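Shown below is the structure under consideration.
Going by the order they are written in, the chains are A, B, C and D; count residues from 1 in each one.
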Amino acid sequence: MQMQYRRLGHAGIKVSVLSFGSWVTFKNQVDVQRAIECLDAAKQAGVNFFDNAEAYAGGESERIMGQAIRELGWKRHEFLVSSKYFWGLHDGPNTSNTLNRKYLLEAIEDSLDRFDLDYLDLVYCHRPDPETPIEETVRAMSDAIERGWALYWGTSEWSADEIRAAWDVADRHGWHKPVVEQPQYNLFHRRRVEKEYARLYDDIGLGTTIWSPLASGLLTGKYLDGVPEGSRGALEGFGWLAEQLTNEQQNAIVRQLKEVADELECSLAQLALAWCAKNPHVSTVITGASRVEQVHENMRALEVLPKLTDDVLDRIDEITQA
Amino acid sequence: MQMQYRRLGHAGIKVSVLSFGSWVTFKNQVDVQRAIECLDAAKQAGVNFFDNAEAYAGGESERIMGQAIRELGWKRHEFLVSSKYFWGLHDGPNTSNTLNRKYLLEAIEDSLDRFDLDYLDLVYCHRPDPETPIEETVRAMSDAIERGWALYWGTSEWSADEIRAAWDVADRHGWHKPVVEQPQYNLFHRRRVEKEYARLYDDIGLGTTIWSPLASGLLTGKYLDGVPEGSRGALEGFGWLAEQLTNEQQNAIVRQLKEVADELECSLAQLALAWCAKNPHVSTVITGASRVEQVHENMRALEVLPKLTDDVLDRIDEITQA
Amino acid sequence: MQMQYRRLGHAGIKVSVLSFGSWVTFKNQVDVQRAIECLDAAKQAGVNFFDNAEAYAGGESERIMGQAIRELGWKRHEFLVSSKYFWGLHDGPNTSNTLNRKYLLEAIEDSLDRFDLDYLDLVYCHRPDPETPIEETVRAMSDAIERGWALYWGTSEWSADEIRAAWDVADRHGWHKPVVEQPQYNLFHRRRVEKEYARLYDDIGLGTTIWSPLASGLLTGKYLDGVPEGSRGALEGFGWLAEQLTNEQQNAIVRQLKEVADELECSLAQLALAWCAKNPHVSTVITGASRVEQVHENMRALEVLPKLTDDVLDRIDEITQA
Amino acid sequence: MQMQYRRLGHAGIKVSVLSFGSWVTFKNQVDVQRAIECLDAAKQAGVNFFDNAEAYAGGESERIMGQAIRELGWKRHEFLVSSKYFWGLHDGPNTSNTLNRKYLLEAIEDSLDRFDLDYLDLVYCHRPDPETPIEETVRAMSDAIERGWALYWGTSEWSADEIRAAWDVADRHGWHKPVVEQPQYNLFHRRRVEKEYARLYDDIGLGTTIWSPLASGLLTGKYLDGVPEGSRGALEGFGWLAEQLTNEQQNAIVRQLKEVADELECSLAQLALAWCAKNPHVSTVITGASRVEQVHENMRALEVLPKLTDDVLDRIDEITQA
């Protein structure tokens, strides 16, 4: 199955419709070698966007991805790499849960060190910060681009109103505008991408790199009979996840979706990924994997895309009561 | 004959009315030594603008010109050198047939490496890209100038509407505006420069560095009796050119123009070059040569310029049915 | 109890914290004489803002309010009157469910005829229209003000993103900006006013004239034992309301709120109105009445305001599980 | 067949996909009574846009349309009426072939007199004027709207570059922007609408009200055997038309298109109208008629629209060598 590429909203850059993110999988569960194998497998499958964040594994996720890029000998024009900023790696009034200028510029520069790259392709504000004026944040992100530390910037989990405010202040002043939002999006979490952002796709050309396409694993079906050992829901400090993942009302829906997947001759996860990718306002679906086989399984979601006819989509809507 | 210099539109920089380009001539037909001789001859004739592009000979054209500049010991203030970007040297969704930010900035930086120069004088968008917002392209070109990688930027083969859109978004945001367009222009190809761009010369001060003044060689007259061996039309992969060059209707016109040239005691090519240069909206006519004698012949077009009286021009218009 | 007046957001105009609206009450339930009595009573109680809309009773609501103003001899400086536009009084592609320029300007002019006034104080876009650019709507509203047909304009039930987009395009072009939003707000419907608009109060100085403070009557408690005859829920064509009003889960909450009201020695409706008015981002609470006694009862909600201590508010939050 | 309505580009106003224009048909060929019958028939078929121009029949076309509107008792919200300005009704340096401020404002006011209307819905600059700055023209058109003389304005037969320049200067200054262009468009005249304006549909939301869908009658097929008596091509002063209409190369194409029409069981004219309407960038196709039966025949083009499958369109492209 050939990878497909989509423009990141109205931006001129194109991202593979399935991309690869390294959330908690790096360091916590995977040793460096397996990380490198997964990145290699993803790139060979046509993935060109690799998502990361300062906060993932306390900076280790960036460090490992940088090491992989060097070891695998990737050329700079062959890949897009991102990072995101908000929580910070250091406690303190100005260095965590913030989007102030000092934090952002220091944090991005530190990221470059960890990656050992001259610049990132995308940098994100990982959450909105009500205690920093949007103008200050926008200016800092734009300045990071001016300094050559990144090529594009965006937001993650911002409201439509906040995104528009950011875009507008940038447009007025001739600063670099946000081009992308990274929202949660999956069969259980649709309102924001489908409703709240509706006007932004045309008005400001917003692209989306969506996360949690499998609803933290709920849409793999592996939590249908409780939390299996070794799964993310069983990790220490992820008790909140375990609770969500075993919600009976949602798992009843998951069972019905499993039937659809069976009919389409694909796994539930593949169905869930393909369903996200079917939305034309989704630029790329960020997938995760801790083993090479998982990468391959995820990529086969591309084969499911053409099977998602209007009839199938209607049926899925009914099951999920959308 | 003294070289003449013209402002590049309303820009303050001046270009020799005849300039020198290195399209397919470098690497393919000319060895490095002859390239250096041609560049030297052109410069001694007063040429100060040397046109190039990333795509010419897969990057070799830039490399050779850079080598020539060093060997000839040109001072940085003595010459203007350009390059152009669009097709790219690497296949892939973000690296060919595009004007996205990532491609442009990476490509310009790579050009500097090949030239071994700190900056270029002019950088062009070689073609329009309908899949990148004009604003993104304009910002990237402006940022390349901000970073010190180039002094001016422009477009090539863009529509009037696209050029104005680019100028406008730059003007609104205080970015570096495009100052020049590189269009095809010759006795057989006049509409764009004379009609379509008409409002732009005053409105935004557009300069033009025109290419193909000899209509790919048609206006040398050497294709009047078929494609001669060793000519560009005989090169492998240039079959499309051969067909155009032997078009009978056009060659009938060429024969009549030859008579005019004879009366003016110049070659047909000199007449054709001078005719382009006569248009005050043409800043410079880009000429090509693979031998030093050709450089000298081209330069003597300057002597034809004063012979192009209104009567002669009217007669040429009649012949070409303009 | 003295009426209080609040600025309409950052605008310089002040509205009584309790105001009077004429939704379905005019024409349908109330004869003209009673309408005039209610308006008189409200004004004597200090109300200075009288809300209306083109769509209320098919234009009759505006006509009757205009007649009342004349009969009661109100001076133009003593009152603020509004109308709202979206649904239209004529079917057709350009005259209903729209905010296009033609509709808005023709509709506002027709309103002035029905009111027999030279201008209105506030005009609202009654709903958002996804098929008209926000810029076109903003320009038409601004032009209505330029023509002297209104003094201020605003929106009703627009998303935060839409309001900001409207404000922004007006601000950029120097047009009259929207100063007010008329959202639904009551103890059961809080998210928009409290969360979604949160950034707008400071950013653009948004005022709010809130409607349905009693949740269509649910918060009067009169639907605790079914839909009483003569109530709005019993009106023909309002079956959907009856269903909402007898929702058991909500009425369980209403019962608990009734206890709070009893302790504060006020009616449930008074508690609900005062609770809305307690929110400093609410400029005015639009009340309705079809009898003079109801006006008086509503106005006594002002006496409840000082009783809404932090403790009481917390308890109400607990009851409503906010 | 139900009339369809389309937004005029991004504007909020909707026009019937087939509309009615009164070019040379009023006064010259049709007496007032027949004009009124045609307008009535068109409106009853769902047409809501009625095109006119100052120059049509020296002002009489506007006068007759105004009379018809009064006699037929149309309400102002039921119809859209346009006029266009450039050639003028008075010879002189400032009153003909111009778009200067004095001419435009005087001409539009005179139009209102002839129509006996308070305002027109759309006013157009009938041609570009290279001797008036676009800024002066744009300001005058915007001011006509400010004065309440029109609701929207546009251009006719302007280049993409000129339209963008007009839009841009309006946008910068907060003036009313052009929303529509009236270009020639038909099976023999496609470049401008399909190529030249391509970027404008998204960039500035340009709508189009296209004229000459039948190529001056060529696409009715009635000129296949010369110019029939009583046809427009036989009118005095229309010799240039007769020549065009009997062009053999074009009529050869017309004959082939006639075969397609026969297979689709419609007239050639209906095919030609439907083909124009099939283009989503065409807001409305302006049709003409001098008899009520012609109106009815034109309107039946709506029935052909669904028959224009991709296969049929491809075949038409082949026939017309597009």
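The rule is simple: a residue touches a chain if its C-beta (ideal position, glycine included) is under 8 Å from a C-beta of that chain, and two chains touch if they have at least 3 such contacts.
A quick map from chain label to UniProt name: A, B, C, D = NADP-dependent aryl-alcohol dehydrogenase.
Given the structure is predicted, the values throughout are model-derived calculations rather than measurements.
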Between chain B and chain D, centroid-to-centroid distance (C-alpha), Å: 42
Whole-Å separation of chain centres (CA-atom averages), chain A against chain D: 49
Between chain C and chain D, centroid-to-centroid distance (C-alpha), Å: 45
Per-residue multi-chain contacts in chain A, two or more chains: none
Touch-based graph of the chains, sorted into line, ring, star, complete or other: ring
Pairs of chains in contact (touch as defined earlier), listed by label: A-B, A-C, B-D, C-D
Parts of chain B lying in touch with chain A, wherever the complex brings them together: 90, 92-95, 98-103, 105-106, 129, 131-133, 136-137, 139, 143, 146-147, 172-175
Chain C-facing residues of chain A, complex: 130, 159-165, 168, 172, 196, 198-200, 203
Footprint of chain B on chain A - complex, ascending: 5, 7, 10-14, 48, 75-78, 80, 121, 146, 148, 151-152, 174, 176, 205
